[in-house]
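Structures follow.
Each of the two complexes below includes subunit A, the first together with subunit B, the second together with subunit C.
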Partner chain A sequence: MGKIYIVKRILYTVFVFAVVVTLCFFIPRIGVDDPCSRYYPAQGNMSDAQYEVIKELTREQYGLDGTTWSQFCRYISNLCKGDLGTSYQSGSPKVIDLIFARLPWTLVLSVSSMLISLFFGMLIGAFCAWKRGGWQDRALMNASTITTALPAFFLALLLAFFLGFQWEIFPAYTDQNMVSSFRWNAKSVLNVAYNAALPVISSVIGGIISYAQSTRNSVIAVSNENFIITAKAKGVSNTAVIYKHTLRNAMLPIATSLGMSISGLIGGSVVIEQIFNWNGVGTLFLEANNTNDYPLMMGIMIFLSAFALVANLVTDLCYSLLDPRVTLGEKR
Partner chain B sequence: MSERVLDIRNLKVVFPNELGIIRAVEGIDLEIEKGKCVALVGESGCGKSVTSLASMKLLGNSGAIVRADKMELCGTDIRELSDKDMQDFRGKRISMIFQDALSALNPVMTIGKQLDEIFIRHFNVSKKEAKEHSIEALKLVGVPDPAVRYKAYPHELSGGMRQRVLIAMAFACNPDLIIADEPTTALDVTIQAQVLDLLSDLQKSHHKALLLITHDFSVVVHMADEICVMYSGKIVEKAPAKELFREPLHPYTKGLIGSVAKMEDKKGKFIQIPDSLPNPMNKPSGCYFHPRCACATEKCKTYMPPLRTLENGRQVRCWIQEEAHEP
Partner chain C sequence: MKSKVENLKILKNKSGAFVRKIWKHRQGRIGMIVVLLLVLTAVFAKWIAPYDPYDVTQRVDKGLSPSLTHLLGTSITTGQDVFSMLIYGTRVSLSVGIITGLAIAVLGSVLGVAAGYLGGIVDMVLMRIVDIMIVIPTLPLTIVITNIFGHSYVVIVLVFVLFGWQSLSRVVRSQVLLLKNSDYVKAAELAGAGKKYIMFRHILPGVSHLVVMNTALTCAGIMIAEAGLSFLGLGNPTAISWGKMLADAQSGGSMLFGHWWTILAPGIGIFLSVFAFMRLGLAIEEILNPKMKRKSGAYVMHRQLNHRYLEEVFQSMNDVETGGTADE
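Entry: the complex of A and B
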């Protein structure tokens, strides 16, 4: 049964991906009769025949020749070969190369934010669950109200203003030479950390609080369970009860929210990247948007959704390892 | 030679909260001798479970205040024992069987690992030896294929099997006292009988003291040597099991026994006790049972009757019995 479920789940993921690709392909084409006349509006001193030739050349160059359907088929067959097309940027770089050039920089931000949020969130959450009802617990509750109401970009702007411009502790704008001058040495790594400080802090504050809140809630919920009393009645020491029984069970909801945040690792920080001018995938997407670079936009969207889908698939399959009650698709 | 395994005098448990004080247990005495089975019977919410948790000192962080004149477990005063010392007692000298076996077992741990924990904790054995002990313990309670079941998770077992696992845990370290808190409530009637037989056999063959907590008189008929009937935090009647069934003295006991279906009953009707337990925050004056009692008098409404010992050693808390036996 388990294997059948996994195959089904993979097929479903492929289906969703196909839907995403189709939408990404057709939505930009809605309402655009002829993209070429948009790129090259007719010039006054040009005959119609000349203009047609120019448009035809443009179509060929950008892969817009033939019917929409044949374009779609060509796009899909290229996609199957791992080719996301060619960007309209000068020099006609491959979309996939542009994405992979930016990807590590986005991951630097998002992975470090996620790990920091998870670590401190769980630490604080477990502590607050232990001090249930104390001032630490109430402080966490209030903090979570504030951070839920306060969007991360607003926090980012405040941090950029105070820590960046007023007190000049961290750079409010990423050093534009950081990427080009990066070498694997301590100085470069420190420079990256220094530049990443503000973006990471602004996304980590909300993350820590939300992980802390869910850890606290699930630890409290689990410690009221009957099996905790059973464990105590067996004479198991308090530390063993906490580590072997409470935390293991309290981890389950946290694993769920971790899985969801993994799927948002690449696409989740578009706004933060933009505020701090961080050269990541998010900024690339906005650039593509502003310059009507359709292949690049489509490529990024497809890449993001593929990543999210794979992350979801992996989390789902891993969940049954954490919780034996979750059987892979077995009906009971 | 009789040896008292559990000796509790005047146990009181209260739960203070914002709205008032919940008096869960109001001064009960309980003693159990080695090899005996004592049943604590009463409706849900009368303080049975709190009594059992208090005697294992497991009410630690529930906000309960526990007071007793005497609380001795196997001759050791446990009132002043620290939680760390108490951990050595729990599982080894006193153990507990809980009612809902599914929620009483850790869902993400195999039952084998949960059994191992006891042996590793109390016998200081290696994991491998613990596994042997655990499989032995599962065999003892009649779990088929114990070596296979050892690797099972709680949700993979049937209700009866889960309850057997809990019993295996309780008997694992051969404790002196076993508290069974409604061990069969969550089970089918046929499985109930099997589990009760198992519990009774193990208790008799190992010569253990058993405190059986239940709301169901039919469960205790064949198992208990002595029965304590509890009502709203107080013991209202205490008698040897057979005598209690032959001649219940307290009106509440009469009601409880009357509400059990009997084969020879021709009337085709159950006797019901009207109404339900009083709110533990706002108990009635006088005898707590008087609002539901058919024979309540004016005296019952104002004064709480004492728990009186009769000539034959039985104890009952009722003004009517008091007057009947007055010289």
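Entry: the complex of A and C
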């Protein structure tokens, strides 16, 4: 019964991905007749003949020869083989290798902050729902308006200033040897945790509050439902009401916001990574932008979109497992 | 001719009453006062600021501490007066926020009304576009587009509008679908009114409250986005904006020298303006949606510079609403 929904959802994801890939292919080609002049802009001290030679080399190296259509076909077929092109960086490394080298470091940051904010957010949210209308509840509400208006990067700068520079509790800049000297032993892992403390704290504060708010709201909304009253009237024990009936149904909106943050796991922490000099995908993207490294930029763009799309797909499928009404509506 | 004047009068009375209502709302009043102060600061920046930060000749020693001549000291990288930069920064933040907010309001509501009222192929095409654009990660795309088209504010505003209208139009559309079957629209249709006339005269006023509320919240979101973009060094490099001030303070080593004021000042500027617009938006929402009064729940705004926050705001609004009806 849910099969049609799943197939439809997967086809739709593939379609959106195709749109993104097409966009990524054509964006560097906007406004220039020859993409080569975008990939290698003319330098002032270069004669026309020299520039032509360089252009020819660039075309060969980055697959820019032939008509736009044949370039596009080559691009797609390379993409299917998992080849996102070659970066400008010296030694011309593959884009995909560069991304995979940075990916674990971004995930260390984002996954740990997501889990921490989810855990404490649900704890605080359930507590505030219990103390509904009390000062704890109102404090949470005020905190949420403040943290939403406070940009994460400003918070990160403040933390870096006080905890990093004034009181010197945590490093305000990531130890650049951390990545190269990483071994799977306790010392290295602790060093990573020590360096990741500030970036994680600065992204966790907003996360905790927003998860707490959505948990609070959904717990309150669910606890007013008739089936909870029925369950209580039936004489179901308190713990069963809370864990089997309330929390299980309150999970749905939390799952939605969790899904949203999963799709932002890689791309979401660009600013935080930049502030703390963290060697992640976000800083890689900014470096690519500063050096006009188009293959790398587009490669990261495609990778990010693919990740976000797959995350969305998985979230939606899980959601339909949690809430069968989603697929039922599709069937009718 | 006469009807136009009368219409204007009605509109004036209505908006006057609306402003009075916001004034009576405590949070709304705070928002309104701060927004007004910020607008005045932006307009009269030239007279309020003691120095002209754009004037190269008025630059002095770099990295001075706060004193009577330089209230917030001078910047570490250029030696401009930080207090004057703060005042002038209001202009960028407010103008980008408000212009983008208004543009999104117009585009989003018109497309949403068209999709909802016309239905059929228009609806399908528009909603598919919305679906696709909501999934695409916006921050990297914004960075790439500004890289190619330049970092002028025209480009930045256009990009923000391009990626900002979807959630509004989706919300407006679902409201229009409800209005479409209401008696007064049916009556107008039977009376032979044209589609365009019904859309702009009957449907659009019906969704205006959604649009007004949204615009205030969008302004807040866009101001954070603009600050973030300038902080990453991707904003307009010639203008003085709060995000760029923060970036300069960080790269210039104000943390190393303990110049906390160069970080705190622009940060508080951003916070205050975003907070004021958010307050205003939430107050308008509570006024127009009295059922939700005293129950303003999670207005989970975006954390990642993308515009999915509106989606989340409405998600949480729905949560609150179901909670509200169950309470009564």
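By our rule, the second predicted complex is superposed on the first by the 306 of 332 C-alpha atoms of A that agree within 3 Å, B and C clash if a C-alpha of one lies under 4 Å from a C-alpha of the other, contacts with A are read in each partner's own complex, and residues count from 1 in each chain.
One rule holds in what follows: a residue touches a chain if its C-beta (ideal position, glycine included) is under 8 Å from a C-beta of that chain, and two chains touch if they have at least 3 such contacts.
This is a predicted model, so every value here is computed, not measured.
After overlaying the two complexes on the shared chain, residue contacts for A:N279 are found with neither subunit B nor subunit C. In the superposition on chain A, contact of A:I300 is made with subunit C only, not with subunit B. In the superposition on chain A, A:L322 makes contact with subunit B only, not with subunit C. Once the two structures are overlaid, the count of subunit A residues touched is higher for C than for its counterpart among subunit B and subunit C. Of the two partner chains placed by the overlay, only subunit B lies in contact with A:K232; subunit C stays clear of it. In the superposed model, A:H245 lies in contact with subunit B only, and not with subunit C. By the touch criterion defined above, A:V270 lies against subunit C but remains apart from subunit B after alignment on the C-alpha atoms of chain A.
Looking at the shared chain after the overlay, A:N195 reaches neither subunit B nor subunit C. The intersection of subunit A residues touching subunit B with those touching subunit C, taken from the two complexes, comprises 225.
If you check the complex, the residues on subunit A that touch subunit C are 16, 19-20, 23, 27-28, 30-31, 38, 141, 144-146, 148-154, 157-158, 160-161, 164-166, 172, 203, 206-207, 210, 213-214, 216-218, 220-221, 224-225, 253, 256-257, 260, 264, 267-271, 274-275, 285-286, 289, 292, 297-298, 300-301, 304-305, 308-309, 312.
Only residues 131-132, 135-137, 139-141, 143-145, 147-149, 220, 224, 227-228, 231-232, 234, 246, 249-250, 255-256, 258, 260, 263-264, 267, 270-271, 274-275, 278-279, 282, 296-301, 303-306, 308, 312, 315-316, 319-320, 322-323, 326-327 of subunit C touch subunit A when the two sit together in their complex. Interface of subunit A with subunit B (complex): residues 225-227, 229-238, 240, 244-245, 248-249, 252, 322-325. Note for the complex: subunit B touches subunit A at residues 53, 56, 58, 83-84, 87-92, 95-96, 98, 100, 103-109, 114, 117-118, 121-122, 153, 155, 166, 169.
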